[in-house]
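Here it is, the structure, as C-alpha cells.
Each chain carries a letter (A, B, C and D) given by its place in the written order, and its residues are counted from 1.
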C-alpha cells in the first residue's frame, strides 16, 4: 500500500492571492512531512442550500488560478465539475475531476469526465450504500478510463445529519478496486442544519479522519482555511490552517503503523 | 382545497404508439371519474443505477410525442429535465418541468427551469428534510416564477431503502406554501436493491398513496404501465394499468371525505 | 373487518378522581359515537429519561383504581407491565397487558404475560423491523395464548427522532396475523429531545392517526389529558381532551370508508 | 489515559470446562502482551430473537463457574443482568454488572445494579443518541455509586442494520465522564437479519475496533469463541479464538500510539 495522500485546500476558491498562499503553506508542510498533496478548491458551489449563498469565482476566472497553483507549487490540483460540457475544459488545468455526491449517478457527467482521460474522483452520494459504488465506477471504466477514485463523505442518518459508516471504506475497496478517499470535512456536515446554510462539527474532523486511516485507505480529504469562521462556504466544518499540521502528523503516524503492520487488510 | 390531481404515465417514454395509447386509456378514466390528469413520461433516464440500463428515446425524439399526447388527448404533460440548457426547449412542449430528486439542489437547473415561466415540480431529495424544501422553492420564486410544486418521494433510511415520513407533507405545505404531491411510485423504490438496478415494492403503492391523501395534498404521482414486469425502468414499483382505476377510485373517495370534512387542516 | 377500536387515556394514572372523570368523559363519547373504547393508564413509568421524572402511583395503589374504572364505566382497561412477577397480579384487574417497546424482546416478560391468558399487546421496539414481530408474537402463542396484539409506535430515525413507516402496518398483519394497533402518541415522540425529558409533536397525532387508519388496522392508541402541558409524562405528545372527539370522528369516518370499500386489503 | 482494557469471552457461558479453558487461553495472552483483561460470558440470553434460541445455563449454575474463573485465573469477570432482583446475588461473584442495551432505560434495574456498589457497565440502547447517556449515568450515580462505564454497540440504521457513529465515543466521554467501551461484536450484528436469529458481519470487527481505539477509549469488548460457527449465540459476529491475539496486538499498537501522542484528546 502506498502512503497516505492528503487532498486539501479551502472549500471555494476565493482569490488568486489566497489560493497561491494557502497552496504554498500546504506544500511546505507536505515537503517537510513527506506526504503527497493534492490541492482542492471549487470554482462554483452549484448546489448551495440557498441562492443567498456565495458561489465562487466561476470557471473562467478560476481555471487560470488553479493552473498557476499547479505550476508555481508543483502540486496536482482538483476541483469539482457540475455539467458534462465543463469536463474537457477543466481537464486542461486540473489533474483530478471531482464529481459531487449529489451528482454521482448522472451518467452523462460521469462519462464526460471519464472521456477526458483524467483521474475521476466520485463522491459517494449520501443516499447510496457503499456497494452501490460498483455501478458508479463501472460507468467510468466502461468508456476506457481506469483512473477512478471513490470518496466517502457520509450517509443520510435521519434529518439534517450524516453518519460515517467506516465499514463502507473496505467495502468500497473490495467492490470497486479503486483507491478510496475519506472526506473528513463533509462527513461532519449538518446539511441544511442552520436554516439557510449547512452546519458542521469541525471538532469531529480529527476523530473521523484518524479512525478512517486505520482502514488503510489511500487518501484523506480535508478542507482547510485561514479563518473558517469567516469563510464563504463550509466554514463550520473546515479546519483552521493553524491546526492543519498537527492533524496531518497524527494521520501520517497512524497510516505508517497501519500499513507497515498490514492492519487494514 | 381543490380536488386531487393525478400525475400518471409510464416511467419512460418507450414509443409514440404506447404513449398515445396509455394517455388515452388514462384520459378516459379521468373523464369518467372526474379528476384532473397530468401525463408523465421521461425522455431520458439520466441517472440509472448502471450504464447497462436503458435510457429512453432522448429529448429530440420524445418532445414531439409529448406534444402530440397533449394535443390529441387534451391533457397537460410533464417530464423531467436534467440540464439547464434543456429547459427552454422542453417548455415549448410540456406544461410542468419536473426536477429529479438527486438534482433538487442544483441552482442553475432550478433557475433555468424557473425562467421558462412553466410550472416547476421539484422532487425532494432523498437526503433532505421536509423543511429544507423552503430554500429549494425560494431558488425558483426568487427569479419571479411563483408556479412551483414540491413532491415527496421518500427519504433515505439505512441502505437501499426509503421511508415515507407523512409528517413531511403538511410540513412542506406550511414551509413552502406550494402544492404538495406524493410520489407513491418512487417512495416504494429500493435504490440499488437489485445489484445493477433498483428494486421496488409495488404492493405498497396503494398503502402509501391512500395514507398520503388523508393529509389533504394536491396531487398523487403514480407510474403505471401495461406490463410493468417487462418495463425498461421502475418495473418493480409501477402499477399495472389494469389495476389503475380501482386504485384511483379509492384515492378519490378518501380525498373527497378528507377535503369535505377539512380533516387535513 | 371489525370497526376501529380506540385505546385512550392519560399516559400515567395520576389520581382516582382524574381516572374516573377522564374515563367517564371518554366513555360518553364512545357510547355516543358508537366505537369500542379501551381505557389506558400507566401505574409506573419505569423507563423515564431521567430519575428526576415522576413515575406514577405504583402497582398497588393503581390497580384498585383501574378495577374501579372498569366496573363503574364498563370499559376494558389496559396498562403496561415491566417485570414478569407483576403479570399475574395485573391480570386480575386489567383486560389487556401492554408490553413496553423497550421490553418487547424480553422472553420471560412475554411468557409471564402470556401465561395469564389475558390479551397481550406488544409494542414494537423502535429498533425492530415490522417483520421481526413474527418472532415476538410466537413467544406468546408458543405458551398457548392466542390473544396477542401488536402496536406500531415509530422506528428510530437518526438521533432523537422516530419515523412511522406505514408499510409496517400491513406487514405486521401479514407476518403475525394479530390485530394491529397504531400508537399515534408515541410515534410523534422525540426521545430524549428535551435534555432530561422526551419531547413530542402533538400537532402530528391527527396526521399520522388518519393516515394509519387507511390501512384498515384494528385500533388506534391515543393518549389524552385534560391539560397536557402540565401532565407529568408525555405532555408534548398527548392530545387535549377538548380536541379528542373531533379527532376520533375523523378516524371513524375514514375507518368506515376504508373498511366498507375494502381499501386496506 | 490508562492503556486499553480488553473485555472478552464467549457470548454465552456454555460449560464450566469451556469457561475455564477459554479464560485461561485469554489470560495467557493478556499476561504475555501486558493488557488488562475482563472475562465476559452471559448466564442467560433473555432477549433472543426467538424462543427457539438457546438461553444459557441460568443464574444458579453459572455464578459458581464465573466465580471459579475469577479465582483460578485471577481475572475480573462480568456478565449481564436482566432483573432488579438478580443484582445483589450477581454482585457476589462478578466485578462488573453489565446492563443490556434494550434495558438501559429501566430505572429499577439501573438503581438495583448501582446499589450493589459494583462497577455498572451500561450498554447504550440502539435507540439512543450518545448524549442521552448522560441521564442514564445519572440514574446510577444519583444513588451514590460513581463506578459506571458506558458501552457503544451500534445505533439503529434502517431495518436489521446497525451503524457505529464514532463521534459518539468522544461525545459520551464528554457528556458522562465515564470510561467508554466500544463493543465491536454487537456493533456488527444484523438484528433479526436471519429470520429467527440475528446475523452478523464478523469480518468488520477488526475494522471497527481499530477505528474506535483511535478515539482514546478505555476498553474494547470483543466476544470470541473456539468455534463461532457452532456457537449457540452471536456466532456470526464472534471472532475465532485463533484470530484473537493478532487482532488484540493491532489494537494495543494503535492504543499505545494514540495515547502516547495524545491523539484522542
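Throughout what follows, a contact is a pair of C-beta atoms (placed from the backbone, for glycine too) under 8 Å apart; a residue touches a chain by one contact, two chains touch by 3 or more.
It should be emphasised that the depicted structure is a prediction, and the values quoted were computed from it without experimental measurement.
Undergrad: Among all other chains, pick the one whose mean CA position is farthest from the mean CA position of chain D.
TA: That would be chain B.
Undergrad: Return the chain pair with more inter-chain C-beta contacts, choosing between A-D and A-C.
TA: A-D
Undergrad: When the CA atoms of chain B are placed over those of chain C, what is the turn angle between 0 and 180 degrees, to the nearest 5?
TA: 180
Undergrad: Measuring from the mean C-alpha position of chain A to the mean C-alpha position of chain D, what distance in angstrom results?
TA: Those two chain centres are 36 Å apart.
Undergrad: Go ahead and note the Å separation of the Cα centroids belonging to chain A and chain C.
TA: Each chain reduced to its C-alpha mean, chain A and chain C end up 48 Å apart.
Undergrad: Which chain D residues sit where two or more other chains touch them?
TA: Within chain D, residues 155, 157, 159 contact more than one other chain.
Undergrad: Provide the residue numbers of chain A that touch chain D in the complex, in ascending order.
TA: 155, 157, 163-167, 169-170, 188, 201, 204, 206-208, 210-215, 250, 253-254, 257-258, 261, 263-264
Undergrad: Give the list of chain D residues in touch with chain B in this complex.
TA: Touch residues, chain D against chain B: 157-159, 161.
Undergrad: Under the definition above, what is the set of chain B residues touching chain A in their complex?
TA: Touch list, chain B to chain A: 46-51, 55, 82-84, 102-103, 105-108, 111, 125-129, 131-132, 135, 138-139, 142, 155-156, 159-160, 191-192, 196.
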